[in-house]
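Here it is, the structure, as structure tokens.
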Amino acid sequence: MRASLLLYATMLMPLAAAALLAALPAYRLSSLLNVFAALMTFAASCALLFERPAAGVYFLVDDLNAVFIVLTTFIGFTTSIFSASYIAHELETGKLTPLYLRFYHAMYQLLMFAMNLALLANNIGLMWVAVELATLTTVMMVGIYRTHESLEAAWKYFILGSVGIGLALFGTILVYLAAQPAVGEGLPAMTWTVLIANAAKFDAPLLNIAFVFLLLGYGTKAGLAPLHAWLPDAHSEGPTPISAVLSGLLLNVAIYALLRFKLLMAGNGEAFTPGPLMITLGLLSLLFAAFMLYPRRDIKRLFAYSSIEHIGIIAFAFGIGGAVANFAGLLHMTMHSLTKSAIFFTVGHIVQAKGTQRISGISGLASSHPMLAFAFALCVFAIAGLPPFGIFTSEFMLVTSTFAKNPWLAGLLGLGLIAGFGALLLKLQAMLFGEASKGSKEPTATLIPIFIHLAIVLMAGLYLPPPVVAWFQSVARMLG
Amino acid sequence: MRGIVFDIAHLLAGSLVLVSLIQLYQDRLTSLLRVFAIHAIVLALSVGWQAYIQGAPHLFATALLALGFKGIAIPLVLHRIVLRLGIHREIETVGGIGITMLAAVALIALSMVVIFKVTPGASTLAREDLAFALAVILIGLLMMVTRRNAVSQVVGFMSLENGLILAAAGAKGMPLVVEISVAFSILIAFIVIGIFLFRIRERFDSVDVSTLDRFRGGRQ
Amino acid sequence: MALTALTIQFLQMLLVLALAPLLTGFVRMVKARLLRRKGPPLLQPYQDLLRLLGKHAVVAENASWLFRVAPYLIFGATWVAAALVPTFASGLIFSWSADLIGIIGLLATARFFLALAGMDVGTSFGGIGSSREMMIATLAEPAMLMIVFTLALIAGSTQLSVIAQVFAMDGVGLRVSLGLALVALILIALAENARIPVDNPATHLELTMVHEAMVLEYSGRHLAMIDLAAMLKLLLYVSLIGCVFVPWGIASPTSGPLGYILGLLLYPLKLVIGGVLLALFETSIAKMRVFRVPQFLGIALMLGFLGTLLLFVSRSF
Amino acid sequence: MNVAYHAGFIAGSFILLAAISVPLTRFRNGSSVLYALAAVVSGLAMLSSMAALSRGVSLQAVLPFGLPGTGMRLELDALSAVFSIIVNLAAILASIYAVGYGRFDPAPRRVLPFYCLFLLGMNLVLIADDAFTFLLSWEFMSLSSWALVVSRHEEKENRDAGFLYLVMASFGTLALLFGFGILAGESGSYAFDLIRERQLTPFAASIAFLLVLIGTGSKAGLVPLHVWLPPAHAAAPSHVSALMSGVMTKVAVYGFIRVAFDLLGSPAWWWGTLVLVLGGVTALLGALFALMQDDLKKLLAYSSVENIGIVFVGLGLALAFEANGMNAAAAIAATAAIFHAFNHSLFKSLLFFGAGAVQHATGTRDLGQLGALIQKMPATAVAFLIGSVAISSLPPLNGFVSEWLTLQAILLSPELKDWGLKFAIPATGALLALSAALAGAVFVKAFGVGFLGRARSHAAIEAHETDRFSLAAMGAAAMLCVLAGIVPGLFVDGFAPAVALMTGAPMPDQSRLPWFTLVPMDVNRGSYNGLLLLLFILFTAYGAVIVIHQFVSNAIRRAPPWDCGYPDSRPQTQYTASSFAQPIRRVYGTLLLRARDFVTMPPPGHVRAATFRVEMRDLIWEKLYLPVSGSVLYAAEKLHPLQFQTIRRYLSLVFGLLVFLLTVLAIWL
């Protein structure tokens, strides 16, 4: 009973907070409230780890989503801290008005709610609704500055996202249709636990078609090339905390959904193996994004492309499959979320400090803001897969195990990794070094969330606690 | 008895595909909107029929929504917008309409082939109906990618969504269909009368998407 | 036994030191005679050295300590190298402290310091000499090493004493490799000793000079040391050719007093022959441009390499 | 003692030092204190390695960190211990040097923390006993040294060097990742013990070998993967350059040895040939490029490339011998390689220290601005001279000994049966000799132009002797160079356990031979005694001095230089660095460097100045690297417009993909 209470708390707390924040005019208080609500949600989700409710008709907590729910609420919490100090600056510079700030906070909690709902849903329809809600809230937030660029980005995101939603829905309906003869009409044919258990009895060709639509639908949300087009603009034009959440969490939610459906496909012996498809899309995303990093001139767009790159790696890892690669994929997802959100925090600081998003306008950070530069460098090296950070561990496992299995694929993977690394390093050096550019305002926001994330990523690079390992391993086994 | 029931369902679904094709043929915005209204009405009939034969009264809500919202409200609103913006004259297409039509026929064929791989009798909805729904969706997408004008793109999206509703309504006993249709209506409402259109109108002279595109990547 | 060996070693050291100026003088004399000149007396080099030693050393104002130390180091290294080449007897007691590679190394050390000394005063001529000397060395040293390879592979040792013994006793026979090595060695010896056609030991103020340009600033006892080192080097090369290619008569540790006496008699003879041949060669050929030298030495390198390669390849049959 | 303590101590101390270094720089002598502490830690690490080596046991430990399932495995066996001694010895010297040198650092906080971490990274690579720990430390080492390379980031040159360095390092790591992928297999048996047990097919083993050669070779600076090395080593502060050039390249050599000799089992016949030829080419090109440099530190860095080539020649020989079952010969070659690695770590550190002292004293490292430093910096000059003699492989110093051993190993090779080797080995011998001779020229140039002659700039006139700590470090390094040259037997015996581990048999015991003679096989085959040579040279030279001064003359008269009667007081008339290299450039450069001289002379009667320009092209850079970077940028440029498409086009992509996938389904499934 307590467990299901926690479950509801995880979802209802953000929802309630959203309602409250929408009504609350005092923006200072509301940002505090935002932090508080995020913290409570995080606490509830942590508690969920220990008291796991039985799978219900609508909701489910199992090994797979437990990782993501904790991760989501945690990053939601740290981002809310960052956002509290960041958004005040936006208000000072007049980029936002208090009214919009109210809207922003409400939307933030609504997004949290949607993501938690998507992760906890035991129902493919519910999950779809939740992902749609998450998309819509982020569309709102991307357009919040109401500049030409942000409106355009939001519009692009909205249109492409809506099409993605539509395709995902069709896939969902097809899954239902495939399941319905085997498990009967109604809710059971949409419930994950039932679907997975009876997957073998489903009609394979129908599942195949369904998966194509789901892959395209949720792949759009995940930003897999060539479905990625909305992602760079949405990241670069929205408020930075939202970029952090988009990259760190929303992409994960989409990948999570894909993983669930992949499980379903794996459960059916006759359906095609989604592995090669995911590998192809993953490699395409990786290589494409790696090369797209070079001509970037906007710092946030740069890291948006880096997100595409990493989503590609993750899709690749799960596509390869097997104990090692799945483990690597899960670890990579976790580490990428933490690192990428930390990067966007730092980028937020840098943009505030230098007053521009143009990379050419940012130089000499190491001289003007040593601490920020240090954090930034660490973050970029972490995302580039240099040790001793966690992404190195996952890339190590992925590259070595893939090379042993299939050297050509690993070669392409390596090409993408090294090309991406070169681009990131090029841009990093351009921003860190040289003569300090003008406008050395001290950023007001706090660096603490960055260092919390970095500490976790660093620790994961050196030492993964046995429970976490066991947990990842069981999920990796589950994914096949 | 069962035969005629399913024949009517097939007939309605098939006519939805036909209306989709007609939609694709239109070269004026006003007539396009009219055809779209017909599209929505056919959908409403189809969903209503499904509600009747499945004995699922909640589907009537979906049918009413389709009729009232997409069949009447949206076309009217869009019509007014089109008139006010003075863009009702013609539709800029990519490629000729003939080629688009050919592509649409090919898409229909593709839908058939794909769906016929499905084991017969695997679902209560006949495979043909599923194929029709898929065809409507694909044609909707095709319309979105072959029209340069925002309003016709919206129409394309809405017909895509009609295909979805058709499939959802045909899935016997599927929960949440009404909710999903409501959610989609909200989505469309967002697109059509939502804040974006307002904002776009505030800041741009037309809703031609290419105007939006002019600002793309301004900051890279 | 050990005492004999020690005696022989010291005798050898003194012998090379004593004979070196004589060889130089002999070559000069023969050359002069070939040109129908009277030329300086045979013992002139000794007199030159003594005269130089007695003079004040004039040192450039800005010369460093290296300038003054280098002559002695060069002399020391060259002398040690020369003393390790068997002249009349092969059982030298210290021969194991440096084999043929070591001897080349010692000469390289001497050259290194000579080149540095040439640059110390900071004149343009010193720089010319040093840089050309090092250029020649880059070709001569590998060629020399190739010759060492050839000899060592045939004799199964890099120890010069052992090589001499092997070549003297066993019927090594005529080998293509050895022939190539001999030609290469002669070419290198000419270059290393600054002889015509690579360099002219008898002139200053020539734009093509190498060795003399380096030592231009030297005078007095320093110059004497360097000249003596150069003479030792010439002797070393002649002895080397003698001990490897005409090893007959070199006393081995097992041979009795008679063998030593024979060796002592034959050694000057070899020097005389070597000297005459050198003089003949020098008078019959013209000095070449500096930038022809690489080709000249390149031939030596190629020959040496070919000799080694032949040995490597023939081993398999 | 457990290796966990060894590792724990090193890791704990260096991390602690890195942590306190930033606050410590606030104090006046903070950096000196820190460097002193780093020297102490390195010293203890060296002692610990020596203890492990002398006891002849290999220590193992599995820590619960690192890769899940594998753990962090550590092992300190003889090979690790030997390299650990090499690394830590140089680290001690560098730290002592930096006690003095570091005080002049304008931004110590950009150097100190990373310096400690760099030392930590190198130490960890040596004791890693599983692929993950190995690569983690390896890449960590690269990363921390990158931070050191760009510590003076205000200059664009340094930034570019840092970029190239880290990209190349990552490329190398990627190759190693692939290589370990084969070694560990699909199941991921990453522990070295498990890797040794695995039986690879010859083909797989060869691929793994090639990948590891690329990976470690790029770190060591093997041609053609060396391009990053000179700029990076030149850009770092001098004590770091010393470590990077002297030691980090040795860590790379260690990595190669560990995999090629230890993990991979018996080698295929052509591995040795490949390594040998690469080593020879590297040595030649390294020396040639070094000669063309006018920047003192770049010159030294290229000379590192050369020396790495020599080390790899030794390793290639050892592999070839091992493949043919000639273990005794393999032992000589391996000893030569390790000995040369050790020697190079000493004299290259020494030379970089000297270069740092010069740079600090004059503010430049351009040889064209130096000259006559032997007057102003006498002690530095002596140390630099010793280093120069040693690195030019001249007897009686240590460089000659390892080169000599390599040549001795070459002379054993006619017994080898493979045809490839029969051609490759003599050729490599020639390349080796050529590069040794070129190295002599390089250092005549470096010392002659930098320290001798007349001062070419005001800065060189104003130069002053460096501080005591720097001198102490240089002095110690110079002494060690001499020591390793005159008593090589002791060192060879020290390396014996590591060699035994590599080749299965050590070289014969040298400690019983009289006078510290070095006899690799048989006294009749060849022997060498540096001590006696040194004594003889000193004895004869000093004897000559005594005799002459006593009996003939010791008078000195100072006069203006004679210069054949054309004295010119302007220092510009001296030979410059590039004019010194000109003859050799003309001999080799036209072919290998495409060097061309451009002279424009004004016609007679005109007073316009004549101009002279040398153009050299790095063919490796042009043919290998520029195409790669060019094609990356080309691809980026071609993809770039995808950022600017209309929404409709993006939708078309989605639509196209959907139709494509459905077609695939329709046709194939």
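In this document, chain identifiers A, B, C and D correspond to the written order of the chains, with residue numbering beginning at 1 in each.
Here, contacts are C-beta pairs under 8 Å (C-beta built on N, C-alpha and C of every residue); 3 or more make two chains touch, one makes a residue touch a chain.
Everything quoted here is computed from the prediction, not taken from an experiment.
Steps from chain B to chain D, taking the shortest chain of touch contacts, total 1. More C-beta pairs touch across one of A-D and C-D than the other; that pair is C-D.
Between chain A and chain C the centroid-to-centroid distance comes to 77 Å (mean Cα coordinates, whole Å).
Measuring from the averaged C-alpha position of chain B to that of chain C gives a distance of 99 Å.
The mean-CA centres of chain A and chain D are about 43 angstrom from one another, to the nearest whole unit.
Chain C and chain D have Cα centroids lying 35 Å from one another. Touching of two or more other chains is recorded for residues 643, 645, 647, 651, 654, 658, 662, 665, 669 of chain D. Under the contact definition stated at the top, the residues of chain A that touch 2 or more other chains are 155-156, 159, 163, 205, 208-209, 295.
Within chain B, residues 114, 117, 141, 144, 153, 209, 212-213, 216-217, 220 each touch two or more of the remaining chains. Every pair of chains that touch is listed here: A-B, A-D, B-D, C-D. For chain C in complex with chain D, the touching residues are 53-62, 64-66, 68, 72-73, 75-77, 79-80, 94, 96-99, 101-102, 105-106, 108-109, 111-112, 115-116, 118-128, 130-132, 134-135, 137-142, 144-146, 149, 152-153, 156-159, 162, 204-205, 216-217, 220-221, 225, 290-291, 294, 301, 305, 308-309, 311-313, 315-316.
Residues of chain B touching chain D in their complex: 94, 107, 110-111, 113-114, 117, 138, 141-142, 144-145, 147-148, 153, 209-210, 212-213, 216-217, 220. Here chain D touches chain A in the complex through residues 64-69, 109-110, 131-132, 135-137, 139-140, 143, 150, 153-154, 156, 159, 162-163, 166-167, 170-171, 174, 177-178, 180-182, 184-188, 190, 207, 632-633, 635-637, 639-640, 642-643, 645, 647, 650-651, 653-654, 657-658, 661-662, 665, 669, going by the rule given at the top. Residues of chain D touching chain B in their complex: 643-648, 651-652, 654-655, 658-659, 662-663, 665-666, 669. Across the interface of their complex, chain A is touched by residues 114-115, 117-119, 122-125, 130, 133-134, 137, 141, 144, 153, 157, 160-161, 163-164, 167-168, 171-176, 179-180, 183, 187, 190-191, 196, 199-200, 203, 209, 212-213, 215-220 of chain B.
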